[in-house]
Amino acid sequence: MKLHFEFYGPISDRMGGAGFSLETDAAPQNRAALIAWLSHEHEGAGALGDSHIQIAINDELVRTEAGFDLSDGDRIAFLSPFSGG
Amino acid sequence: MKLHFEFYGPISDRMGGAGFSLETDAAPQNRAALIAWLSHEHEGAGALGDSHIQIAINDELVRTEAGFDLSDGDRIAFLSPFSGG
Amino acid sequence: MTRQKIILTGEALDIGRWSDWLAEDPACGAVAGFTGLVRAAQGLEALELQHHPVLTLQALERIARDATGRFGLAGVVLAHRHGRMAVGTPIVHIACACGHRRDALAGVSYMIDMVKTRAPFWKREWRTDGPHWIEPTQADHEAARRWMEEKT
Amino acid sequence: MTRQKIILTGEALDIGRWSDWLAEDPACGAVAGFTGLVRAAQGLEALELQHHPVLTLQALERIARDATGRFGLAGVVLAHRHGRMAVGTPIVHIACACGHRRDALAGVSYMIDMVKTRAPFWKREWRTDGPHWIEPTQADHEAARRWMEEKT
């Protein structure tokens, strides 16, 4: 399956841009596995482990403790800590 | 000497208007004496004894505990509790 | 070097213009404001604000000066109507500009609390059954007293 | 029956018009507001606010809804810019209308505290020496947490 990654805020600098896509046969089912896999593919991905970074799947914030079930075409966004106003 | 009295806010209703003038040879030298004298001249003047009513002499707020020294032509204003905004 | 406008007027308040003026200072990242208006109520035809010809403006100036010192404000607007006003009319407008939001917001709170009980105004509602003086509430007095107690 | 305008835009904020709109409700005696602007700083050329295409507007809507319920607001404006802005440009404008001043002022404080740390925006300063991401301060995080603790 194909997964699309998006990076918002400072983390996008570490990841070399706003996003990229990857192919896999065995999609990771929790946050730790996801980041371990991304770290294989991209050297900056260790920074995604910061617990202040939130994850949204298909534009919906997810609590990642419970794990997740990714499907082909899913968009996984990593959101740096917010700084609005 | 001639003294001018001014009344601001609700107290003006009790005193029958915005002000009046009185003649005296012996000006009162403290708040209690002033109100006693005014009560002789005007039936509503007892209400001026309310401790929340402030006094200004010639457009300057005065602390009346210390007494005061009135002169001919002085304007004595009684200010009802404020309600602005 | 505080920029300030203290206004006591019988004319309509020109709120938009002052806000623009306050926001002109590029050193200010925060502008907070408050507008109090004549609120509709059953039988209310108009609100009247009486003032003192000398002491009222002096009190407004003192309130603005105290707020400026206390919260380090770079800009202040304190404008108050007097006279008779219809429902919906702005009575008072306050705005504070400074570097950070906390001080701007606190400055506005402080000033409106002070204006309610420490500035010589007397408020009278004109209702269908005649005029009624309005006294400040107990909460108004307490709000002003709290600021006095927590001297910075 | 709250009147509300939630705006996320790349265009200049039209602050005066919304304030007028909020003040139109005759049941409201109090309108409080806050405007955050790009503050001048040594070497600062522009401020950039990035946002999320879906989540940011949702967060603004939730913040306005929470404030409305918590403070009993009759009217709310929450407007936020995104994109690149010059010094002096309004970034965010918040206004609350209701019957009494306390709730209007508290509503504004609550919303700006939430917008700082709970809405998906990312702020970057463009300085003469290049771009610098701006993180929320510790004080910003604490301000938001305090509201969560003192649940009304």
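Here the chain labels run A, B, C and D in written order, and each chain numbers its own residues starting at 1.
Convention: contacts are C-beta pairs under 8 Å (C-beta built on N, C-alpha and C of every residue); 3 or more make two chains touch, one makes a residue touch a chain.
None of the values given here were measured: they were computed from a predicted structure.
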item: Farthest chain relative to subunit C (centres taken as mean CA coordinates); value: A
item: Cα-centroid distance, subunit B relative to subunit C, in whole angstrom; value: 28
item: Subunit C and subunit D: spacing of chain centres that average the CA atoms, whole Å; value: 23
item: Centre-to-centre distance between subunit D and subunit B (centres being mean Cα positions), rounded to whole Å; value: 50
item: Sites on subunit A at which at least two other chains make contact; value: 85
item: Subunit C: positions in contact with at least two other chains; value: 36, 101, 112
item: Interchain contacts (touch definition) - all pairs; value: A-D, B-C, C-D
item: Contacting residues of subunit C [partner subunit B, same complex]; value: 36, 49-50, 52-55, 80, 91-92, 112, 115-123, 133-136, 140
item: Touching residues (chain side subunit B, partner subunit C) in the complex; value: 8-10, 13, 56, 59, 61, 77, 79-85
item: Residues on subunit D engaged by subunit C in the complex (per definition of touch); value: 15-16, 19-20, 23-24, 26-40, 87-88, 90, 99, 101, 104-105, 108-109, 112
